[in-house]
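Each structure below appears as structure tokens.
Each of the two complexes below includes chain A, the first together with chain B, the second together with chain C.
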Partner chain A sequence: MLGAIGSFLVTGAMISAIYALIAIGFTMIFGVGGVLNLAHGGLIMLGAYGFLVVTSSSTVEFLTIPPIAGLAVAIAVGAVASYGLYVGLVEYIEDNPVITFLATLVVALILAELAVVAFSSSPRGLVNLAPGSSGGSLGIRVTNIEIVAFVVSWVAIGLLWYYVTRTDEGRSILATSMSQRGAQLTGVDLPSIKARTWLIAGGLAGLAGVFIGTLQQTSPVMWLDPLALAFIIVVIGGIGSIKGSIVAAYLIGYLETLTVTLLGSGFRGTFSLVVLVIVLLVMPQGLYGREWVHE
Partner chain B sequence: MTNNDTGIPVTRNERKATIDRRTFLGAAGAGAVATTLAGCLGDEDDLIRVGHIGPLQQDMGAGSENSAQLAVDQLNEEDGIMDREVELVSADSVGDPGEALTATEEMVEQDGVDVIIGTFVTEVMQGITDYVADVDVPFLITGSADPVTVTDTVAEDYDRFKNIFRSGPINSDLQAEGMVDYAEFLADEYGWTQFAHIADDAAWTEPFSDNLPGYLEDVGLDVVHEDRLAPGTDDWAPVNSDIDDADADAVFRFFAHNVGTGMLVNWRENEYEFAIEGIHVPGMSPEFWDDSEGAALYETTSQSGAAGAADITSETGPFVDAYAEEYGDDRPSLPMYMGFNTYDAVFVYKDAVERAGTVDYQADIDTIVDELLETDHEGAAGEIEFYGPDEDYPHDVRETTDDDGVITNFPVTQWQDDGEFECVYPEHLASADHITPEWL
Partner chain C sequence: MSSDTQTGGPLESVADGYNDRFGHLFGELNGPQFALLIGSLAVLLVAPVWTSLLGVGGLLRTLALASIWAILAMAWDIQSGYTGYISFGHAVLSGGAAYTTAMLVAHVNPDLPFLVTAPISVLAALVIGLVIAVPSLRLRGPYFSLVTFVAGLIFYQLTYAFSGYTGGELGQRVGRIEFELAGAQVTTFDPVTRYYVMLVPMLVIAVALLYVARSNVGMILIAIRENEEAVAAAGIDTTKFKIWSFVLSSIPMGVGGVLLAHFYGTVNPLNFLLVDRSIEIIAMAVVGGMSSILGPIGGAFLVIVLREEVLGVFGVTGRWVALWTVVLLVLVFARDGLFRKLWHVLGDWGRIDGGDDE
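Then we have the complex of A and B:
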């Protein structure tokens, strides 16, 4: 019994950290620019495939670097692609939410098709950053990669938190997400803030891609589930709120783990959707929705 | 070249250069009508058209298409079928019943195919059976293994569905029996007596979930854990943990829709003390070793053709070599099980229609069916004979057995060191011994 509870607590914490990583970038972009970036899952996929290409000898033979360096490449690929997506496309259309919504979806679909062409539709595994497992005592089994994913996710979230609350550059992101007009009045350079937000969100997505790609699989359809998760988490946490995303990520992560433990893995996502509906009906602003103010 | 309404033959270039608009429209219209009619009158020319359908974006479908093309090329190097040249018409089912039906209708009505070979997903096969039965075109199934393929059709209404055959693999009722033989082999070899059973929640695995646990218990083996998993499962930690908690010595897992990479990675990292056996369709791809970054090591799967690792008949080696020469650099670099069956099906069809002396299924389907039933073909995947109309699985390929009654045309392969496919069962075909992880 103790083992089961311990196992539940540990597994839930691991998966929730990755969920938070997925959701934060999504919520930041919405908070700052009011853009629902449906290509967010695509950026996660890019990170995973970027990691695959540079670390696996089975793709590009002469390009095989250690997995830890691959992690940096994945972050860079996600960040650059996200930045490029903003300055190359979204910047011109972001005033029209419907067009932006559709355009980012099209980008996601194009990325998925390109992944099929380049890597086939068969799912791939990634080189394991940290092979082996730890624990085993008390009946709790945790693989090393899960622990690494947990630690790295929290380090990334911690750095982001420090950046947006303790540095001027970061605080201007937070300010923009609270009120664009207010931020502009205090001298914030809006376009550069938005571009920087996309860069950071892309980097987080690329990082998350490596962990999802390793723990689950790397495939041309891997962008869908994380996108849906990000959506659910962000709505529950309060759109635009980083704190809300983290809290909601843990809520959903533990809810799913509990569901899997009690009912089996087939029911994994069911109750997240129920919670989503309840939140939409009862408190549509989400748990921490106040940070974002309508103009 | 086509005729315009003045009866003067024109080519596209002349049309462009000299003809006024009205004449052009007339010619184009006539041309359009002519091409449409040509489709309906597919037999007017001298070609025999072999229709192939499968999920071409997947390795399984692509390997099957390559194998069909290889068979057709080999026929054309000799005398074709009934001294007529053969052409392959291949369509992508996309693994979707609706898409598959449209593609099949197009193949029959516009391309005028003389036979349809293929279908991998059971649900896709079911989506086209009614249509195929109505138009009477011979249909040789080479991928889907669900017994309902014949028991719900040919066995129920013979007159209507008589044009439907399965030339491979053996159906999953028979596969489940084969799996019991294999479990007994593992019990003899390692003393394993406790087995877990998990399967895709899809039609093809129902015969396994319904029968295998009972069969295993009948021979004195225990089934300690059973589960069915939704396609697309990506969280494998609880799955492995449940198998381990049940103290299983080995798990029989049946995955075609689910991809077991995550399960294998989680299993290896945790060094779980059970072996992974059963059927894993994605793991049959020769590319799976690279796709899974070597996580495939030690997993086994049953598959017709044994991935070319064993000389099942004298046809197996030459077929695999010819495939490797033609498509060895493509993906998949080996035919995969559906490829073996598709390749064999082309020759089964050729032999039958040559005996029948006709490919005209609209007039002579009964003769073609009679001759298909007479099939006794040494194929790349094994000896092919069909169950008769009054037997349990009418028009289904027969299992082959050895002297002890052990099923032999559903061999087991294992991924071994350095990414080699080895055939490990049945023993007379084995290219290597079955091995277990060093942590077991």
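Then we have the complex of A and C:
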């Protein structure tokens, strides 16, 4: 019993760290530009497939690099794709939220179909960064990849935290998400801030993609669940708030782990939705957020 | 219509006759617009004739499918297009109706007649619509879209969670439509009958929704989209109207869902509940031109014909890539919709500014 509770606590903590990683990128983009990037899940998928291509000999035979380097490639793929998406598309349509909403979703669908064309629709296994598992003494077993995912996610979140609170460049991102006009008046270059935010969010998504792809699955439908999660977490935490995303990621991560343990994986997201609806009705601004204001 | 209008040509006089009688109900038209509408209607009504003459009988199946999707796109339009509360989970409504039919046939009595299952299924769509609308319409902007989107995902997941009842991935068989109408047996085994069984509800719903959209209710819905505070300040309960628009949308969604279920003969998550289906509905409405009712019909026919007939050259998956790319291009370069553009071109052509969509 103690072991079951222990492994529940540990598994929940591991998966929640990845969820936080996903949600932070999503919330930053919304905070800075007011854009809900529905291609976020697609970027996660790109990261996973990018990792697959460079680390596994099953796709491109002569291109096989160590998994650690593959992680860097996944981050780069996510970041570049995200930057390209903003500069090439979103920048021209972000004045209309509905069109942006729809266009980013269509981009995600295009990416998913392209993934089917390139890698077929059957799930692929990723090269495990850290095979094996540890623990066992207390009846708690954790796979090494989960530990790596947990540590790397928190390192990434820590670096981001340092960047947005301690450096001028980062603080201008934070300032923009607090008040766009205020930031502009203090000399912040809005377009470059937005582009940089998309770059960072894409990198985080690419990184998360490798872990999601290893722990769950790498397939053309893998973009959907993380996107829904990012949604739920960001709303519960408060749109635009990094701290809120982390807290809400843990809330949802544990809730899901509990649901899956007790009811099976078919109900994975059901209770998260219930919590989402309650939060939206009781405190629509979320735990740490501002209410959505039309400007 | 305005008195300074110069009438000219037989087309204009026919259109004027229409305007005098029905213009106040459905919006006024000028000659070219009238010709477009009547022409399209005629082409659709005699489709079995010209498809068999041209030797493209298979096209009839595509047109029947497009009629169903047109119902869904119009239904989405009266709610999302008009009020500006964009729903990203509308496939839940049609899917709910389709699954109700499937559950009734599979678990209650396989011999239940269509005339019994269909109304119950539409009612189910209505109930689901209310369950979604009442809590979510208190939310605004992206929050509303978000909740509807997640609701769609959850519904999709639940069909797998309860696969003992729903048949999971493979779905449930529902069979074809068979019922008696004025003593005659109607069955959708026959492609021509099937076409009309899909087309007629579409036309009826189009007229009904056009009537609502051009009435005071439609005006209020548009006003809510443009400035909700102003509408509320005028003493109108906006929440009530938003919920009504959702109800108004749920009914045709239910009809479309039932027809689609019998069209495919099987109800499965892929064809009914996948997120892509909700997005397809929106894409049709946006490609045609949101908040015009007629635009989404055009959009639906365009998208379905592209998907089923034209883009097949790119392969099974490639056609989706191509289709979504086309949709993306329309979103970026013609965000008001292709058919609205066409409509306005025709409007400028004639002499009066009739049939304004806004």
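Heads up, the rule we're going with is that the second predicted complex is superposed on the first by the 289 of 295 C-alpha atoms of A that agree within 3 Å, B and C clash if a C-alpha of one lies under 4 Å from a C-alpha of the other, contacts with A are read in each partner's own complex, and residues count from 1 in each chain.
One rule holds in what follows: a residue touches a chain if its C-beta (ideal position, glycine included) is under 8 Å from a C-beta of that chain, and two chains touch if they have at least 3 such contacts.
Note that the structure is predicted; figures quoted are calculated from it, not measured.
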{"item": "First (chain B), second (chain C), both or neither touched by A:264", "value": "both"}
{"item": "Contacts of A:96 with chain B and chain C, given as first, second, both or neither", "value": "second"}
{"item": "Touched partner set for A:87, first chain B, second chain C, both or neither", "value": "neither"}
{"item": "First, second, both or neither for A:273, with chain B first and chain C second", "value": "second"}
{"item": "First, second, both or neither for A:228, with chain B first and chain C second", "value": "second"}
{"item": "Which superposed partner A:195 touches (first chain B, second chain C, both, neither)", "value": "neither"}
{"item": "Chain B versus chain C as contact partner of A:147, first or second or both or neither", "value": "neither"}
{"item": "First, second, both or neither for A:36, with chain B first and chain C second", "value": "second"}
{"item": "Contacts of A:116 with chain B and chain C, given as first, second, both or neither", "value": "both"}
{"item": "Where chain A meets both chain C and chain B, residue numbers", "value": "116, 225, 264, 266, 268"}
{"item": "Chain A partner contacts - residues on chain C that touch it in the complex", "value": "84, 86, 88, 135-136, 138-143, 145-147, 149-151, 153-154, 157-158, 160-163, 275-276, 279, 282-283, 286, 315, 317-318, 320-321, 324-325, 327-328, 331-332, 335"}
{"item": "Chain A residues within the chain C interface of the complex", "value": "36, 89, 92-93, 96-99, 101-103, 105-107, 109-110, 113-114, 116-117, 224-225, 228, 231-232, 235, 264, 266-270, 273, 276-277, 280-281, 284, 292, 294"}
{"item": "Interface residues, chain A side, partner chain B - complex", "value": "7, 11, 56, 58, 116, 120-128, 131-133, 141, 143-145, 214-217, 219, 225, 260-261, 264-266, 268"}
{"item": "Contact set on chain B toward chain A in their complex", "value": "57-59, 201, 227-230, 233-235, 237-239, 241, 259, 261-262, 264-266, 269-271, 282, 285, 287-288, 290-293, 295, 331"}
